[in-house]
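Below you'll find the structures, each written out as structure tokens.
Here chain A shows up in two complexes: once beside chain B, once beside chain C.
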Partner chain A sequence: MLQLFDFYRAAMKQAILVQFQYRAANYFYMIGMIAEPIIYLAVWSVVAATQGGAVAGYDAGAFAAYYIVWTLVRNMNIVFTPYGWEQRIRSGELSGVLLRPLHPLHYDIAFFAGWKVVVIVLWLPIAAVLAWLFQPTLAPTWLEIAVFAVAIWGAFLIRMMFLWLLGLISFWTTRVAAIYELFFAFELFLSGRIAPLALFPDWVQTLADWLPFRWTFGFPIEALIGQLSLAGLLGGLAMQAFWIGLGLGLVTLVWRSALRRYTAVGG
Partner chain B sequence: MDLARIVATFARIGILNELQYRANFFFQLLESAIGLATALIGLSLVFRHTTALAGWTPAELLVVMGIYGVMSGIVQALIQPNMLRLAQDVLEGKLDYALTKPVDAQLLISIREWQVWRFTNAVVGLFVIGWALLWMQASVRLDQLITFGIALLCGVIALYSFWLILATTSFWVIQIESLINLFEGLFAAGRWPVSIYPSWLRVLLTFLVPVAFAVTVPAEALTNRLTGPTLALAAGVALGLFVIARLFFRWGLSRYSGASA
Partner chain C sequence: MSPNIPAIIVRDLVKTYEVPERDPGLLAAIRSLFRRRVRAIHAVSGVSFTIQPGEVVGFLGPNGAGKTTTLKMLTGLLHPTSGEALVFGYVPARREPDFLRRITLVMGNRNQLQWDLPALDSFELIRAIYRLPPAEFRATRDELIELLDVGDLVRKPVRNLSLGERMKMEIIGALLHRPQALFLDEPTLGLDVTMQRRIRAFVAEYNRRTGATVLLTSHYMADVEALCRRVIVIHHGRVLFDGPLSELVEQFAAYRKLIVTLAESGADLNAFGEVLAQDGLRYTLRVPKAMAPAVTARLLAEAPVADLMVEEPPIDDVIEQVFAVSNPL
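The block that comes next holds the complex of A and B.
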């Protein structure tokens, strides 16, 4: 256990140092990503204005807060892409990974977790500019800040494992693009990425409660902008814990049978 | 005449090349279907809460979405692949092969790639426009169709010029991934009429990034909103961007020294 802790510390430190070197490329990427929430924000601000100031409890300031916090949560959501698995398998890169003493999931989690530290630091000035432009109403309590700080890492872990599971399909078939596209389309709506879930019909919200997506996206945002009660905050963290556990179990199970299908050629 | 023959030849070769991969058509169709479903659900979500968005009815917004589909089909089939190839060639030093040909360099680098299956999005977009017009029970007059065609052409020229300017930066910095990311992020703003954006953003989307002229103006032509001055401005911006892009490309080219041994 202590060894694992040492590994994470070293691997994360390495990722932090590497990614700080590429801060310009990181910035470019993060800025390109901002167009999406600004479009949603513009649409919902217009809707709120025509509906007398607010829809489903969100006014212009609340929408601004939602979509500014969105930019950080979206960045926390970026993990190893399922499209990357085909390359890992085809290039034989995986063979090297298998020789290492730890489960490969650890290497991915540690690398991306280190990167996130860099992303959070780079995000702060972007958030300041967006806040100046769009005037969000944001007054979180200490409890909400604490829950948010934990929840963005919970979101990261859940999405890491579910995209890993998706990527493992590559061990069985290479015609995966359509499956991924469908997954991402569902995620777009059921996570709260396109709009706060409160704007959806009730049955969609109920469905979203029972799927992992909203716990990786909408929940951390709602926690910080003050849309949740104490029960909602703690219940959300519990749901995150549940999905992390389930994700871990599934990854362990699927990984074992995936490996049985893997044969490497060449030396 | 020679120019037309060159374009036709490249188009034929490109299309023949793509026809070998027929399975790709079905994946493209599936992707277009998912994209369309996503757009429609997004639209219906907005209209659960309001009856009109900045003066646009649901059917009119469907026209905007359809034109966005047509434009993104053209961009993905023809403009983006050629521009990415330009950036890639500069990176690998392969641009020399294009430059030594006795044709205008800009023309040649703009017609080498034809990813025809990507036109699927454009066809789907046309169907969406047709569906929206039926829904509005609009009788489209001939002069409207002509202005629509002109506006569409201006939009394509403006988008092409914008992409060429982006790709020309490759002579100084190589950021291929970021180029795609940047273009797609900004272009996505065209899914909605530019009148919904705050005024500073609207100016940006009109003159700096030609989203307004590429999508909103053609949509205005079909929904009886387009005025003469706007169309003239669209033509002026398209022409201006084209000249700027051409000059910028030539300047970049003059800095290119090749990478071969």
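The block that comes next holds the complex of A and C.
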């Protein structure tokens, strides 16, 4: 366990060093990502104004808080892309990875976790500027801050597991783009990315509760902006733990089978 | 490992790939949706050999002979279709961590170094992956840096290194865990002659210092001649020859080269053999191996010979001859 911790420390350090090499590019990338939530924020602020100042409990200040926190959660959501698997297989990179006495999932988690540390540091000034511009209503309690701090990592892990699972399809077929796009379309609507889930019909919210997407996006945001009760906060963390566990189990199972296929057909 | 127990045992190893194929054209494409046609490619067809600990063996064959497929089966990257492979008693396909800690595979497209960082940073990650004690890691790293004479290059970002320098860093990265078996797949490919020579010397020295078992594929016969006393020649997935390099030359070299220097001009040496080259009074003749002693005797008796040398043909020619003999076309 101690040796695994040593590996995570070394891999995260390497990721931080790599990301600092590209600090300017990282910054521009993050700034570019702000366009999407600002559009959502502008649209929903107008809708709220036309509906007497609030929609489903969200007023302009709450929307601003939601979409500013959104920018960090979105960055925490970035993990190894399923499109990257084809390249890993074709370039022979996977063969190199398989020669190591360590499951490659550890490397991906550690590398992206290191990247997230850089992202969080870079995000703070962006959040400050956005807060100054849009005046969010944000007064979290210490408990909400603590749950948020855990939940963003939980979100990262759930998404890592499920995008890994998607990527593993590449071992069976190369025509996977359509499957990925379908996944991303569901995720867009059922995660809280396009709008807070409270704005959707009840049946959508119920559906979202039973799928992993909400726990990777809407839940951490709602936790920080004060939309959840104590039961909602702790229940959300429990749901995250459940999806991480399920994802890990599925990854372990599918990986074994994918590896058998890879080693059977060539590398 | 006891010297009596082979480090590598390969018995009747077979690897067959099934490759989908179809005729060109739209109609064939539609037909392939309903009836998939596959063709079996026999990459390795019953290869057997054993390698003792500490041996350095050259694994030779033309492109597509099955060399890399065999190496991949021995390192656990491919499951054999049938047959058996054992490396230090481990079944490679099971990819047990203890097995992976004892081997390494160096191949052209293996890229374990972070492009944007100095190699030293990547070495540190490799230390953590292989759980190497820090003091032991530093000693091995510094020893390898010295052996490969890379000095301060380890502090330069990998993207700023030349191909040869990068290859050296890859080799260091692949050996930091002091593997007991080295599978080297074209380790000098694309490198200049000086760099090739340095890597050859390094492999020989590594083998001498650590007693590691080495199985090497290379298209450069200079690599094989410098490093391997034993060669395994494979073609169409089958072993054609397994034995000392000298025996391969003896068995397959169909001719000898006679380098004759005459004392005076005027003699016609075409009667003695095929004249390959002439430079003033120095002639290079090619004669069938069986006739070499008789031709040498005749030359000495009938021509004004000032000097005469009998040479084996270059190893590349011998290998070419091996493949020609085995190829029915």
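By our rule, the second predicted complex is superposed on the first by the 262 of 267 C-alpha atoms of A that agree within 3 Å, B and C clash if a C-alpha of one lies under 4 Å from a C-alpha of the other, contacts with A are read in each partner's own complex, and residues count from 1 in each chain.
The definition used in the following text is that contacts are C-beta pairs under 8 Å (C-beta built on N, C-alpha and C of every residue); 3 or more make two chains touch, one makes a residue touch a chain.
Please read these numbers as outputs of a predicted model, since none were measured by experiment.
J.: Please work out whether A:G92 is in contact with chain B alone, chain C alone, both, or neither, and reply first, second, both or neither.
T.: In the superposed model, A:G92 contacts chain C only, not chain B.
J.: Taking the superposition as given, does A:Q51 touch the first partner, chain B, the second, chain C, both, or neither?
T.: first
J.: So, A:L188: does it touch chain B (first), chain C (second), both, or neither?
T.: A:L188 contacts chain B only, not chain C.
J.: Which of the two partners, first being chain B and second being chain C, lies in contact with A:I39: first, second, both, or neither?
T.: first
J.: Could you look at A:D6 and tell me whether it touches chain B, chain C, both or neither (first, second, both, neither)?
T.: second
J.: If you lay the two complexes on top of each other, which residues of chain A touch chain B in one and chain C in the other?
T.: Correct list for chain A: none, the interfaces share no residue.
J.: Quick one: in the complex, what on chain A touches chain C?
T.: Its residues touching chain C are 3, 6-7, 9-11, 13-14, 17-18, 21-22, 91-93, 95-96, 98-102, 260, 263-267.
J.: Can you tell me which positions in chain C touch chain A when the two form their complex?
T.: 17-18, 72, 75-79, 93, 95, 97-98, 100-101, 103-105, 107, 109-112, 114, 116-117, 121-122, 124-125, 127-131
J.: Help me check something: in the complex, which residues belonging to chain A touch chain B?
T.: 25, 28-29, 31-36, 38-39, 42-43, 46-47, 50-51, 55-56, 177-178, 181-182, 185, 188-189, 194-195, 199-201
J.: Taking the touch rule as given, give the residues of chain B at its contact with chain A in the complex, in rising order.
T.: 27, 30-31, 34, 37-38, 41-42, 45-46, 48-50, 52-54, 175, 177-178, 181-182, 184-186, 188-189, 191-192, 196-198, 201
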